[in-house]
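Labels A, B, C and D are assigned to the chains in the order they are written; within every chain, residues are numbered from 1.
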Amino acid sequence: MSAAAVLADIDWHVEQQVFFYLIATTQVVAAWRVVTTKNIVHAALYLVVVLAGVAAQFILLGAEFIASTQVLVYIGAVIVLFLFGIMLTQARIGAENDLDQPNRLPAVLTAGLLAILTVSTVIRTFEDVELPDNSRTTTASVSDSIFSDYIIAFEAVSVLLLAALIGAIVVARKD
Amino acid sequence: MFFAQVAPDSIVTPDIAWTALVPHLVLAGGAILMLMVWSLAGRWLPRWLPSMVTAAVGLGAAIGSIHLWRRVTDADRGPFSAVADSVGIDGFSVFLTVVISLTVVFAALLADGYLRRERLDGPEYHVLLLLSAAGGVTMATANDLIVLFLGLEILSLAVYVLAGYHNRRAQSQEAAIKYFVLGAFSSAFLLYGIALTYGATGSTNLVDINAYLRSTVLVDDGLLLAGFALLLVGLGFKVSAVPFHTWTPDVYQGSPTPVVAFMASGVKAAGFAALLRVFVVTFGTYADDWKPILYALAVATLLVGAILAVVQNDVKRMLAYSSISHAGFMLIGVHAASADGTASVLYYLAVYSVLVIGSFAVVGVVSGTGDGATTVGDFAGLGARRPWLAFAFTVFLLAQAGVPLTTGFFAKFYAITAAVDGRSWALAIVAMLSAVIAAYLYLRIMIAMWLEGSDDDAPIRVPVGTVVVLGVAAAFTIGFGIFPEPIVDLARDATPALVNSP
Amino acid sequence: MEELVWLIPALPLLGFVLLVLGGRRLGEPGAGYLATTMVAGSFIATVLVFVGLLGKDAEERLFEQTLFEWIPAGDFSVDVGFLADPLSITMALFITGISSLIHLYAIAYMHGDKDFSKFFVYMNLFVFSMLMLVLGDNLLITFLGWEGVGTCSYLLISFWFTDEANATAGKKAFVTNRVGDWGFMVATLLAFFTFGSINYGEMFSGADGMATSTATAITLLLLVGAAGKSAQFPLYLWLPDAMAGPTPVSALIHAATMVTGGVYLLTRVNPIIAEASSVAPDVIAWIGLFTALFAASIAVAQADIKKVLAYSTVSQLGFMFVAVGSGVYVAAIFHMVTHAFFKALLFLGAGSVIHGMDDEQDMEYYGGLRKFMPITAATMVVGWLAIAGVPPFSGFWSKDEILLGAYENNVVAWVLLLIAAILTAFYMSRLIFLTFFGERRWSDGDPEAHAAADEPVADDGARSFHPHEPSPLMWVPLVVLAGLALLGGLLNLPFTGDTKILEQWLEPSLFGNEHIATSGAAGKWTLAIMSIVAAVIGVIGAAAVYIRRRVDKSVVEQPILQDAWMVDDTVTSFMGGPGRKSFELVSWFDRTVIDGAVNGTAAVVRHGGLVLRRLQTGFVRSYAVGVGGGAVALLVYFLFRTTF
Amino acid sequence: MELTTTWYLVLGAIIFAIGASGLMIRRNPLVMFMCVELMLNAVNLTFVAFGRELDDLGGQVSVFFVLVVAAAEVVIGLAIIVAIMRHRSGATADDLSVLRG
C-alpha cells in the first residue's frame, strides 16, 4: 500500500491537528536550538529535525510531491553538504564560543519584532479560516503545472543550476 | 507526436514564442557554447578570445532585441506576453535588456586586460558573466514573481562567485562571503514577500495580480501590505537603498574591479527593472500606500550615500557610496509612480551605467597588479602621468556630479523634474542637496589627479579593451550630454505594460 | 547682421578646440596670439550684431536665434538659442572687448610659463562660457555658461597648482559657487513650473500678473545664485582668495566679467522682480549695501595689493546690487561697464607692478615706483581717479547714478553708500600712494642707482628689486583701458535725455521697469556735489595720513605713522570711533563666523559621515541587523496603513 | 483548537524569525547558512499553506523552485566558505571584517 493510500484513510480533522501541534512544537524547539547551540554539528542535526518536520507538514497539507522532494533535496543533499562543509572547514568539531559577543540585543529585538509583526498579520487576516478540505494534489498535476504554466521558471532553474555548478568549480579552483 | 503518445491527456505545453526569448537564449546559449568549446579546445585558443566572444554575445543579445523593440513600439502590435504569460515583452523590458546586454559587452572588454594582469584569465569569468546577464534579462522581462525570483537568483549566484573571483586576494573573498550571506538573507525576505503576495492575491503572475487588485477591493489588505514591505526589502537590497545598502561599500571595495563595474550597472539595472515592474506597474493601484515609504527610502539613500562618500579615502569605496546616492536619484523616479518617473529611471540607468563602468575602468587600471592601489593618494598626479586617463575619469566624475553638458546632468534633471511634477518639493531639494554634498567627493578625486604631485612613477598599463571602453563611454557621456534627445526619446518610448498573451 | 550672433560664442569655442588639439605644438607665443585673435574676432562679430541692432527701431531690437532643440522634456523643450537684445549685446561688447585686451596682456604676462598654451585654452573656454551666459535665450543656457565660467575660474585660480594656497583657493571658489548654483537651479525649476518654459521671452510675457509669492521666491533664489557668482555677502569669501591665480585672470574673471554675472542675471529678470513683493528688491539692495560697506572697510586694511583690489571689487559689486535693488538697472549696467574698464585697468596695472617687483605683492615693499614705471603709474592714476569718483572720470558718472537711485529709494541707504564711497576713495588713494609715491621701501641693491634716482632709501628691512616698465604688449592694453576709464562716462551723461545714450539703448530690455529719477535738477546737482565731496574727502584723508607721515617724519607726536609696519593700524585708528576694534571685529567676523559657517557646514557633513561610518562595522551580522531592522520598519509602516 | 491555515502561517513566521535572528547573532558562517535554510523552509511552509488555502497549485510549484534555489545557494555558499577556510582555518564571520567604514 502506498503512502498516499495510507494517508487517504486518515481522518484529517483529528490526526492532522495532533500531528501538527506535535511536529510544530518540535520544529520550533529544534529551530531555536539551531540558532543557540554552541556545537556546530548539533546545529546541523537540529536543522535536519526542522527540515524533516517541514516535510511532514507538507504531507499533512497534502503536498506529497513537494514533501518527497523536500526529503530528497534537503535531507539527502543539503544536509550532507553541510556536514562535509563542517568537516572540511572546522579545525575542531565541538563547542565554539561564537555567541559570546556584545550587542545581541538589537538582533534579538529585531527578530522578535519581525516575528510579532508577521505573526500578527497572518493571524489577523486568517483569523478563523478553516483549512479547506480540498483534495490532495497529485504529483502529476504538479508536474503538469511545472511543464506548462511554469515552463520558463523551469528553464530558468536549469540555468540557475548551471550557474551554481560553474560557480562552485570556479570558487574551488586552485590558486 | 511523441509526447502525446506517452501522456495523452496531461501535458499541454504552451506555445513558446522563441522570438521573444532571443536575448535570453543568446546570453545563456552563448555561455553554454563557450563553456563547451573551451573545455574541449581551450588550450588551443588565444587568451584574448573569451572576452571578445563574450562581448560579441552581449552585442548579439542587444541586436537581437531590436526586432522586439520594433514590435512593441509598433502601434498595431504593441507589447505582448509570451510563454504562459510569464514573460512580458514591452518597451520597458526591451530597453533594460539592451542596457544589461551592453553592460556585459563593457564588463567583458574590461575584464580582458584585468584578468590577464591578475593571472586569472580563462573562460569561467565570462561564462558566469553571461549567465548572470541572462538572469538579469530574465528579471527585466519577468511577468511572474517566481520567474523574477529565479532570474534574481541566477544573477546573484553568478555575481557572488564573481565577487570572490580574485581568489588570491583576501578582500575579494571577504566581499564574496558578505555579499553571499546578506544576499541570501535578503532573498529570503523577498521570497517571503512573494509568498505573502501570493497568499493575498492568489497568484504569482503579475498580470493576474494586477487584474485582481484592479477588480477587487480587499477587505483586509494587511497580508498584501506586509508582502509589499518584504518585497521592498529584497529589491531594496539589490538596488542598495538605505538601510539595505550596507553590503555595497564592502563588496565594491573587495570585488575585482570589472565585476564591480557590472554590479553597479547591470545588476542595478535588473534590480530597478524589478522594482519598477512590481511596484509601479503591478501595484500601481496601491501607490498611495507604498509611495511614502519610497519617499523615505529615497531621502535616506540620497543623504546617507552622499554623506558617507565624503568621508572615504578609498576611491572604490567612494564610488560605492556615490552609487548609493545615485540609486537615491533613481528611487525618486520610482517614487513618482508615473510615466515620466519611469522614463527618468530608465534614462538614469542607461546613462549611469556608462558612467560607472567608465569610472571603474579607470580605477581598474590605476589599481595596478593585485588590484590594491585604490586610495585617493594612488590617484595623485594621474593628470601628469596619464593625462588621457585622467581626462576620461574627469569626464565621468563631472557627469556623476551632474555638471551640464554631460549625460549626468540630464539624468539628475529628469529625476528632479519627476519629483517636482509629483509636487514632492522637499524631495527635489534633498536631491539637490545630495548632489551638492557629493560634488565635493568628485572634486576631491579630481584635485588629487590634477593638482597633487606623486612620486610614484610606476607605469600604468592601459589594455586595449579598456581603451575602447573608456573611449566609447567618454564619447557617449559628452556626446549625449550635448545632444540628449535620442536616449531621452528611447527612454520615453520604453513604456511598461502588463498584458495577457493574445 | 544680427544673424551673426552665433559667431560670437563660436569663435572662442573654436579657439578652445584648436588650442586643445594643437596648443602645445603651437607653443609660445603662437597659442596666445591664436587665442587673442579668436576673442578679437568675437568682438568684431559683436560689433556687427550691434550695428545690425542699431539699424532697427528701438522696439524691434530683439533677435532670437535657435540653433537646435536641445532637451525634449514632455510638452516643453529647451533650445540652444541666443538672444541678441540691447542688454546682452552691451554685455557681449565689453566682455569681448576687455577680453581681447587682457588676452593680449597675458601673452606677455605669462611669458615663460611652462603651461603657456594651457592657460589660453582655459581663457578661451572662459570667454565662450561667459558669452553663453549673457547670450543664452533661456535660463538653462545661462546656467550652462554660469557653470562653465565657474569651472574655468576654478581651473584658472588653481593654474599654478604647485602652490598649495592656489589649490585651496580654487577649492573654496568651487564650493562657494556650488551654494550659489543651488539657488539658481531651484529658481530655474520654479520658473519652469510657473511659466511652463524657461525661455526668457516666454517667461516675461507670462510674468505679468503672476503670483507675488512665486515671483518673490524666484527672485530670492536667483539672488542666492547671483550673490554666489558676484561675491556678495556672505558668499564673497572666495573672491579675495581667488587672487591666488595669475593677475590677468583676476582682471578678466574676478573684476570685469564673471563676477558681474549676478548683476546681469538680476537685470535680465527685471520683469519678475517687478512682480515680486517689495521685500525682494529691498533684500537685494541691503545685501549690496552691506557688502559695499563691509568690503570697503576691509580693503582699507589690506597690505597685499591684489587683496585691496579684490575687496574693492566686492564692494563695487555691492554698489551694483544696490542699483538693481533700487530699480535703477541702467545705473547698474553703466557701473558694471565703467567698473570693468577701470578695475581691469587697475588689476593689469597691479600685475605690471607685481611683474616689475619680482612677484612681490606686499605694498610694504613698494613706494616711489612712479619714476620707474611711468606708464603704469599714469594709467593707474587714471584708474584710481575713476574708481574714486572724481569727475570727469567714468566712475564718477556711474556711481553718481547709483547714489541718486539709492537716495530716491531710501535716504539711509544713500548715507551709508556715501560712506562706502568715501572709503573707496580712501583705500584706492592709499594703494596708489603706497605704490607709486612716497619713499622707496625697497632697494635695487645698487647704491649708485639711488643717488641717480635722488630718492630716499629706507635704511633697513628693504629688499632688493629692479622695477621696470613692462613690454609694450603689456602697457598698450593699459593705455587703451585708461582711455576707456577716462571717457566711459560719455556713455550716459545725465545732462539731457539725449546724452543718456545707454539708458535709451537699454530701454527695450527693461520693459519699463527702470526707476526714473524724480529729483529735480537742483536735487541732482546737490547729490552730485555731495558725491564729489565724498571722493575728495577720501582722497584728502588718505593724502593726510600719507603726507603727514612723509613730511613730519621725525615728529614725535605721531610715532605710529613713522613706522611703516603700522600703516594699517594707523589707518584703523584714524578712521575714528571704536575704529580699530570694529575693524578687528570685522576681520574676526570674517575669520570666525563666515569662514566658520562654510567650514561648519562641511564639518557637519563630515561629522555626520564619521558617525554614520561607525555603523558600517564590517561585521556581516550587524549588516544583517540593518537589513532586518529595515524590514521591521517597513512592516510597521505598512501595517499601520492597512485598511483593517 | 480548530486547526486553521493560520497555524501553518504562524509556524512559518516563527521559524522565519528564528532563522533571521540566527543570521543576526551567529558568527559561524556555516551556521549562518543553516539559518538561511531555516528561513527558506519557513517560506516554503507558507507557500504550501497558501496553496492549500487557495486551492491552487502555484504554491507547491513555487516551493519546488525554491528548493532548487536553496540547494544551489548552499552549493555556492559552502564552496566560498571552504575556499576561505583553506587560507584561514577556523575563521568566524567577524574575522572577515577588513572591509568596513
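The definition used in the following text is that a contact is a pair of C-beta atoms (placed from the backbone, for glycine too) under 8 Å apart; a residue touches a chain by one contact, two chains touch by 3 or more.
Keep in mind it's a predicted model, so treat the numbers as computed, not measured.
Here the chain-to-chain distance from chain B to chain D, counted in touching steps, is 1. Set side by side, the interfaces A-B and A-C show unequal numbers of C-beta pairs in contact, with more at A-B.
For this pair, chain A with chain B, the centres built from the Cα atoms lie 31 Å apart.
With centres taken as mean Cα positions, chain C sits 72 Å from chain A.
Remark: chain B and chain C have CA centroids separated by 45 Å (rounded to whole angstrom). Chain A and chain D have centres, each the mean of its CA atoms, that are 8 Å apart.
Among the residues of chain C, those in touch with two or more other chains are 613, 616, 618, 620-622, 624-625, 628-629, 631, 635, 639, 644. In chain D, the residues touching two or more other chains are 9, 16, 19-20, 23-27, 29, 32-33, 53, 58, 61, 65, 69, 72-73, 76, 80-81, 83, 93-94, 96-101.
With touch defined as above, residues shared between interfaces to two or more other chains in chain B number as follows: 146, 150, 153, 157, 160-161, 164, 167, 176-178, 181, 185, 192, 196, 220, 222, 226, 249-250. Shown here, the protein chains touch in all possible pairs.
Those residues of chain B lying in contact with chain A across their complex are 10-14, 16, 28, 31-32, 35, 83-84, 86-87, 124-125, 127-128, 131-132, 134-135, 138, 144, 146-147, 150-151, 153-154, 157-158, 160-161, 164-165, 167-168, 176, 192, 196, 200, 220, 222-223, 226. On the side of chain A, the complex with chain C involves touching residues 103, 106-107, 110-111, 113-114, 117-118, 120-121, 124. Remark: chain C residues 69-74, 140, 143-144, 147-148, 151, 158, 161-162, 167, 170-171, 174-175, 178-179, 181-182, 185-186, 189, 193, 602, 605-606, 608-610, 612-613, 615-616, 618, 620, 622-624, 626-627, 629-631, 633-635, 637-639, 641-644 touch chain B in the complex.
Interface residues of chain D, counted against chain B in their complex, comprise 9, 16, 19-20, 23, 29, 32-33, 36, 39-40, 42-43, 46-47, 50, 53-54, 56, 58-59, 61-62, 65-66, 69, 72-73, 76-77, 80-81, 83-84, 87, 93, 96-101. Contact residues on chain C toward chain D in their complex (touch as defined above): 613, 616-621, 624-625, 628.
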